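We just call them A, B, C and D in the order they show up, numbering each chain from 1.
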Amino acid sequence: MDALRRVELAGRLCYKSEDRVTSDSYHRFIQMLIQRKHWSVIEHGYMTAHIVTNRGVTHELVRHRLASFSQESTRYCNYAKGRFGGEIAVVCPPELSNADLPLWRASMQESEKVYLELIERGVTPQIARGVLPNDLKAEIIVTANLREWHHIFALRCGSSAHPHMRHVMRMGLSQAAELFAPVFDDLIELSL
Amino acid sequence: MDALRRVELAGRLCYKSEDRVTSDSYHRFIQMLIQRKHWSVIEHGYMTAHIVTNRGVTHELVRHRLASFSQESTRYCNYAKGRFGGEIAVVCPPELSNADLPLWRASMQESEKVYLELIERGVTPQIARGVLPNDLKAEIIVTANLREWHHIFALRCGSSAHPHMRHVMRMGLSQAAELFAPVFDDLIELSL
Amino acid sequence: MDALRRVELAGRLCYKSEDRVTSDSYHRFIQMLIQRKHWSVIEHGYMTAHIVTNRGVTHELVRHRLASFSQESTRYCNYAKGRFGGEIAVVCPPELSNADLPLWRASMQESEKVYLELIERGVTPQIARGVLPNDLKAEIIVTANLREWHHIFALRCGSSAHPHMRHVMRMGLSQAAELFAPVFDDLIELSL
Amino acid sequence: MDALRRVELAGRLCYKSEDRVTSDSYHRFIQMLIQRKHWSVIEHGYMTAHIVTNRGVTHELVRHRLASFSQESTRYCNYAKGRFGGEIAVVCPPELSNADLPLWRASMQESEKVYLELIERGVTPQIARGVLPNDLKAEIIVTANLREWHHIFALRCGSSAHPHMRHVMRMGLSQAAELFAPVFDDLIELSL
């Protein structure tokens, strides 16, 4: 059973109206739940997202409590080895102007150089990571219920969010709004 | 993608070992996660259960924080009407002896009689519910991640749990252990 | 250091403006935090409340996740013994009319009688509790941070709350609003 | 009332044994609670800590869900201005050898130089922060209940914790164990 039908079933259990389920009744039922702010029922649906961003953004993201996070580890990944090919990925902030880009890029390369040198000298990755910058690429898998995602998108796609966070989250919202209509309908103007 | 493969993918992202996924690699990978106590990764898998029990048990159950609950409402269900046919369901505690059963049943019927009388006098269901007993049947839909379910089963199937809670949870554990092997393997002796 | 000064200090750490603390600067600083919706900072202040109500209300109350609850146990308290003097306390819903009161009271007494009889027959309290009603008196100690209390009061003092819940929570809000001004200023019209 | 007496009172409410409180009864009562694993009662006590560490450590720390965090903001603090005097504080990992120190220090200074240059070119602090390293000094105020602190200390003072995290947390445990005996007695060998 998919997420939205599970939400409908959970909601109808509260009122004992399970006999009113039809093949597409979930859509209107969920609209009614949201209108009445019965958000707790929306929690029975879940979404998992795979996000590629940087560590500045993930540090903010993991503050959300009702979510589960698995993140590329700077303690256990040795960025000098094998799969990483001695090349550390960084993610350029979308707001940086072309004029400032060379300065930023040089700084990224300098950090990488020192990291690789420390590793070569025998320093462990978990200590050497100290020289890696906030803009280091960070992959993270986030699982949360649809109520929490609604809260995350409302907060992180808004104008007071960090520009980089906002950029990533608006892309997510666009996809989520399609997959889980009508849960995110009221946020649609925030999406990309 | 099913729950356990999603857990594997999330775990492998931490170490950047996604290239080692095979069609059945999740089983051993999850065993390794549990052995190393990397429980946070197990959170990416979810299970929803539909439980029929009584309100004494649900009052304990809803204390678990990282779970979502939707429960038959004593505020909004009018047990005197329609679907309920004027008959209030109660759930007999599994531990009650046959000798004590008639006394218990008479008490249930007495509560039901007063409830129906109050409703007839115009009292609202949410006030009349005050006379309904702890053993009133309660349906509840519970969604939680597999780490939380592991915690719930470990606690609620054990010898210090309420007998009624234990009874319900052991049935749940039996089913969960089959569906989500190897996540609950270490609890198998607690199941029914 | 009291709760509100601790909130101020935590908030000023974010902006590194600790040098602006004066003896009464917390009041305006907290008003500013709330206006800007920096609610996470308000979480550093805590309040513990001792509430006497019934089990219908506590079953709803314990759904709040970011709070800690300790409740009079129907599993471990033997209401037939010692301290209880064989008299089970119940809490009358504030909305019950005088005309309906005798019916309600008779039902309470009937439940008590059966409970005591079951105990006398050797049934354990945790099984005998099944006949006790929703209106059984329930004491509960609740500790939560001030942000969570703000959320609880906003939800539970409003017009869609259960009348009994609302009654208890409005009393609590009155006291909290005095103790922790200005945290609850915007809810003042909901208090008793 | 202090934290430990509040814990005692909450625990005694569960069993209705409030009449057994004496001036120092909390100590043995709390030992009993821990022995019986009634950890939920320990949650009524709270501790706030002011920690100075780096952003690598805080990124791990904020994953604890039942805690509240306020952290020096890299979005809102302009490290080039006023109070900061154009000197960015970094925190050296305790495990770095003297031989590797000059390399590390040069990298820190290089990052600082680029940050200040970006700011001078008109880049906002929240974008310029991207070049700042994981070892950037980070102040954080953490409030959590004593059960959560017990969990945090057990996990973060152990041998599999990051060396820097372990260093900071062992200092915290030493102080907490004194202030809140007997709550952390079983962890005493992990403290500094």
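The working rule: contacts are C-beta pairs under 8 Å (C-beta built on N, C-alpha and C of every residue); 3 or more make two chains touch, one makes a residue touch a chain.
Note that the coordinates shown come from a computational prediction; the quantities given were computed from them, not determined experimentally.
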{"item": "Shared interface partners, meaning chains that touch chain B and chain D", "value": "A, C"}
{"item": "Copies chain B and chain C touch via same or different residues, half shared test", "value": "same"}
{"item": "Distance from the mean Cα position of chain C to that of chain B, given in whole angstrom", "value": "25"}
{"item": "Whole-Å gap separating chain C and chain D, where each centre is the average of the chain's CA atoms", "value": "29"}
{"item": "Chain A and chain C: spacing of chain centres that average the CA atoms, whole Å", "value": "35"}
{"item": "Multi-partner residues of chain B (at least 2 other chains)", "value": "40, 63, 65-66, 69"}
{"item": "Residues of chain B that touch chain C when the two form their complex", "value": "54-56, 58-59, 62-63, 65-66, 69, 74-75, 93, 95-97, 99-100, 103-104, 106-108, 110-111, 114, 117-118, 121, 123-124, 126-127, 129-135, 162-163"}
{"item": "Residues of chain D that touch chain C when the two form their complex", "value": "6, 9-11, 13-16, 19, 40-41, 43-44, 46, 48, 50, 66, 68-73, 76-77, 83-84, 139-141, 143, 145"}
